[in-house]
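Note that chain A is present in both complexes that follow, paired respectively with chain B and with chain C.
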Partner chain A sequence: MSAIAGPKSSLSVEYNAVAIIVSLIILVLIIAATFMLGIPMALSALIGIIVGGVLIGFGVHFVPVGGAPAAMGQAPGIATGVAMLAGGAGLAGLFGGAWAASQGLVVATVTGAIGGGLMMAITCFFVNVIYVFGMGVPAASGKVKKDPITGDTQPEFKSQGTEGHGLPFVSFVGGVIGGIFGGGGGTLVYMMLLGLYTATLPKLMGSQSVANSVAILPIAVSLAGVFAIGIFLVNAVLAAYNITGTIEGPHDPKFKRFPRDIIASAVASGLCGFVAILIATSIGM
Partner chain B sequence: MTVKVEVVEGGVPHSKVMIVGLILTIVCIYLTYLNVLTKTELFSFFGGLAAVAALTWGSSTIKVLCSYGIGTGVPSAGMVSFGSGVIAMLFATKFGILSPIVAVVLAAVIGAILGYVANRVIAMKIPVMVKSLTELAMVGSLTLMGFTALITGSFNFSALIAPNTVLTITSAGLTATTSYLTSYIGGALIATVFLLGAIAVQHPFNACLGPNWTQDRMLMLAVECGFISMIVASLMSMPFVRIDAAIISLIVSIIGWYYTYAKYFELSKRDAAAWLDLSPIPEQEGH
Partner chain C sequence: MENIVLGIGITALAGALAAVAGAAEDTESNIGSQGDPNSQVQLAPQMGYIHRIFNKAVAGEPPAYGLWCALGAGLTWAFLAMQLNAVLAIVLGCAITIFVQGVYATTAYLGRTASLAKFGQPVYIDILKSMTSVTMAHAFVAVFCTVTICYLMNSALGHPFPLPILGFIWGIALGAAGSATGNPYYGKERQYQNQKFGAGVPIAASGNIVRYAEAGVRNSLDNGWFTAKLGGAASGLCFGFIVFLELWRTVLFEKVGAGWGAIVVGILIILVFMVVDRFIEVWARKTYGPYTKPEEA
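This part shows the complex of A and B:
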């Protein structure tokens, strides 16, 4: 859908005060409702899910998402959409974190962050290899005159009629940072739900004879994993909406929009997390 | 980003597709309840038909939403649809016979709040955003519930986590153990179904968009995508339902897929500017 460009978005970030207040009220109501459930771990799990969701949404803003123009060498960034890119980094992180789940929350989250960052580093590296040696375009940013990290000048490498191409160093670094935030956030959501489910599901399924915390583990792992993927994708797409599809990295003016997404991500992950926590209650059964 | 780049012209209005899709989906999911009433599993295939109906409705919704330049690509709509849908669906399965209704209501609430947040806090300012994300969340949850009913023969949480018997050969002979690892959720089959649906719902509009978009061709492709996902889901249902029920699902899905694929091919020929039946590029000698 990006063949026909919309009007140039203005650089100033627009905030809708009423909507932000309404969202924060919804968030407070969700937290209060979770507290009222009376499950000891529920509130801390919800807070963890919200923090994880916000990390995911914030991380997406660092990732150089190029979209279709990047595939044609007309804009900098990785040539695919946020959903695929964040999904890849997040799931790589989630798998890494899930391997380390038995070692505790901190180790698992850090492992997940490293997994996501590693995945993005490999992606960015090979994207640049293909841009430079395959398409024959140098890495040049269209949004800044100088690379904020290396200080390399950009405009003389930029082809006319394009917004830049390839992945400049700052975009590469942004991609890795984004992967670290995304992978860590996704793993945090997973670990919170896993802890809650392993504690509550055996009691919930107590009528069945094989229900004990070891036998129940596949159910808890799978439920937590599916919910983590769901919450991850919702947050990634909301962040994608916030950057209207493409961003060059942390130096892009669109990066300044991230406060909006933090509020949106907090509400979205709070809502999804609340419903995920309700599974662990006796409601409905 | 509120420029509408394409105009809906001709064809069935989206509201009609939505109402027909919603009713068909709910009715088909409830028809799988005949399994419980007649104590068989032969009616599981209605779950797949429910998913097909929901996916068709979903692709029409994606057309409405993505006609506005949202800038994030069409696949993101499929991902947000199932990301919010899976959460609503899994919780709704705990409500027994009321599950499909609860799934619709809960998904609508989640989708509406997500739409509000996206439209106002993130300032997308797309007129159909709230309505579309609400519909997409409902589509996601109902598709997952349909495929779940197809695979396990039921849409109850207890059936989703019901352990299967595993036969293992040890030195002492053949031993049978029950393990949650072989249940629908424990075996993470739901993750496969998640992506089967998420790709099927976004692909039709992604493939058919453009100046010569026609509604009947896109919806036919959506039905085809639904049936091809249903083929995979029918194969996945073999360990969970009786083999005759699984084979009925497989036959229904293959017939449905073949018919809609042939139809889609015809419609593509109709909409093409020119059609040349070309064999693969011949290997030329001497080059």
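This part shows the complex of A and C:
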């Protein structure tokens, strides 16, 4: 890029081919290293963790976050940070998913997804209640002229000197979808690690009997929970860097940046997952 | 049947505790200007508006409450392992945690305000003395209620996560719900009370926060008093609904359809909130707007 051409618009999506290739090579190396460990279930667990991480990263892009300007009614969205809000919804989903762990992977993951969506639906609802009844302003988007779902026009509902305020319906729906992806992704990571630890920890700790396996279960649950929360936050923060600041939801031009985050999330989740899997090995013992 | 009745009772208690936690969290964060509106408190002296507002924002509300609730739950867990009575363990665990919050608030206020010295903003020692204890009291209520909820989830409802992890999860969720709901009310309606009701704050007015009260100079206790009436209540309802509905759908419908019952009920609840939200959105558009003539296509 030459200086004469000038800086590109901040809304255009830039891809760095070298970075993408290096990222993919790192990802392949991580998968190969996991395969070389020779632990049963390790590879499938890693793939699940990568998929879960990508779902989290993708989901964060749907969450309408307005940051400080939203707190003054100067911009649409929820008045808090991207990673924080996504973390709140995703972890609430993980809570529900972990509770349903005994009912199988599919039910637990869907339960976690709905838990995240439920948290976001309630939060988005109360955000609009405060804007409408506490501040006396209607919802208005600053990025589109019409709500893509309802067709409601937006510019004439923006108060003077602001970029919009509140949560238009498309942002509400985006928030719920983001919570669903976050909660489902977080629960998937947890379930993969729980399955791996439940199978490998008893052998690793030298206790094959059923009674000892039951006693080791709380350790497996705690470890899987801590790693799931950690991997969730890594992906939420990565997505927040990709978004840079605020986003209104799926209709925001910044949403188009998500492919970049998917690559980053896959690599970061792979690396974190590899470290989490290493705990279940006897290397160095 | 007995288990379900007990589960519903605990769900209701947890929901009520969550409502109190949400209200206390939002009031605490508003007195400490910890949410996004802190940007204006920090900006005001740079624009020439010297004030007596407390500002302890270093981290956002969700990570801060994640830390405090995890710490409170972890200490409670340790006291429980020492065979202490559960109520005493929770009270002691949360009380020790609040001293950490107090240290955080003190260093945050001194650090943030001292950085504004070049703009003439003084560090008010009387503000530090009077505000810190009030935020600590509110934070105690919020953390105590949240840790109690986590204890109930773990011991009575049988959630597999240990207490510290539950504390972290629900601390983050508490901060997220409280900041999302309460921040706009404090940021717009209180800090910019001099602006017109029924409109967002024009970007050009940034930094010009209200600094005088009905009598004398406004401080953060006035802000907590004001926001507790609507922002605090709404934050409490928000977090209360999140905890109550999440537990309710699981306790009552987990066994239905091999787990799919709770999922279907969750989807239905989401749809109900979506419909009511749309109703409010349409009502607001008809009642308040439009501000300008619609653009011709």
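Convention: the second predicted complex is superposed on the first by the 271 of 285 C-alpha atoms of A that agree within 3 Å, B and C clash if a C-alpha of one lies under 4 Å from a C-alpha of the other, contacts with A are read in each partner's own complex, and residues count from 1 in each chain.
Definition applied: contacts are C-beta pairs under 8 Å (C-beta built on N, C-alpha and C of every residue); 3 or more make two chains touch, one makes a residue touch a chain.
Note that this is a predicted model, so its numbers are computed, not measured.
S.K.: Since both structures carry chain A, what do chain B and chain C do when superposed there: clash or fit?
M.R.: Partners clash after overlay.
S.K.: Looking at the overlay, does A:G81 come into contact with chain B only (first), chain C only (second), both, or neither?
M.R.: both
S.K.: Could you say whether A:I279 touches chain B, chain C, both of them, or neither, answering first, second, both or neither?
M.R.: It touches chain B, and chain C stays clear.
S.K.: For A:V226, decide between first (touching chain B), second (touching chain C), both and neither.
M.R.: A:V226 contacts both chain B and chain C.
S.K.: Report for A:G67: first if it touches chain B alone, second if chain C alone, otherwise both or neither.
M.R.: In the superposed model, A:G67 contacts both chain B and chain C.
S.K.: With the two structures laid over each other on chain A, which partner does A:A236 touch: chain B (first), chain C (second), both, or neither?
M.R.: A:A236 contacts chain B only, not chain C.
S.K.: For A:K158, is the partner it touches chain B (first), chain C (second), both, or none of the two (neither)?
M.R.: Second partner only.
S.K.: Between chain B (first) and chain C (second), which does A:P218 come into contact with in this model arrangement: first, second, both, or neither?
M.R.: Both partners.
S.K.: Answer with first, second, both or neither: which of chain B and chain C does A:I122 touch in the superposed model?
M.R.: Touch partner of A:I122: chain C, not chain B.
S.K.: In the overlay, work out which of chain B or chain C sits against more residues of chain A.
M.R.: C
S.K.: Would you find which stretch of chain C runs into chain B in the superposed arrangement, from 109-117, 145-153, 217-225 or 253-261?
M.R.: With chain A aligned, chain C clashes with chain B through residues 109-117.
S.K.: Both chain B and chain C contact which residues of chain A?
M.R.: Dual-contact residues (chain A): 67-68, 81, 84, 87, 218, 222, 225-226, 229.
S.K.: Sort out for me which residues of chain A touch chain B in the complex.
M.R.: So the residues of chain A in touch with chain B come to 1-2, 4-7, 9, 14-16, 18-20, 22-23, 26, 67-68, 81-84, 87, 205, 210, 215-219, 222-223, 225-227, 229-234, 236-238, 240-242, 244-246, 260-261, 263-264, 267-268, 271-272, 275-276, 278-279, 283-285.
S.K.: Using the touch definition up top, name the residues of chain C that touch chain A in the complex.
M.R.: 35-37, 39-40, 60-63, 159-162, 165-166, 168-170, 172-173, 175-177, 179-189, 191-192, 197-206, 230-231, 234-235, 237-238, 241-242, 245-246, 249-250, 254, 258-260, 262-263, 266-267, 269-270, 273-274, 276-278, 280-281, 283-285, 287-295
S.K.: Which positions of chain A touch chain C when the two form their complex?
M.R.: 67-74, 78-81, 84-85, 87-89, 91-92, 94-96, 98-101, 103-104, 107-108, 110-111, 114-115, 117-119, 121-139, 145, 150, 152-153, 155-169, 172-173, 176, 218, 221-222, 225-226, 229
S.K.: For the complex, which residues does chain B have touching chain A?
M.R.: Going through chain B, the ones touching chain A are 1-3, 5, 66, 69-80, 82-84, 86-88, 90-91, 94-96, 102, 106, 110, 113-114, 116-118, 120-124, 157-158, 161, 163, 178-181, 183, 185-188, 190-191, 194, 209.
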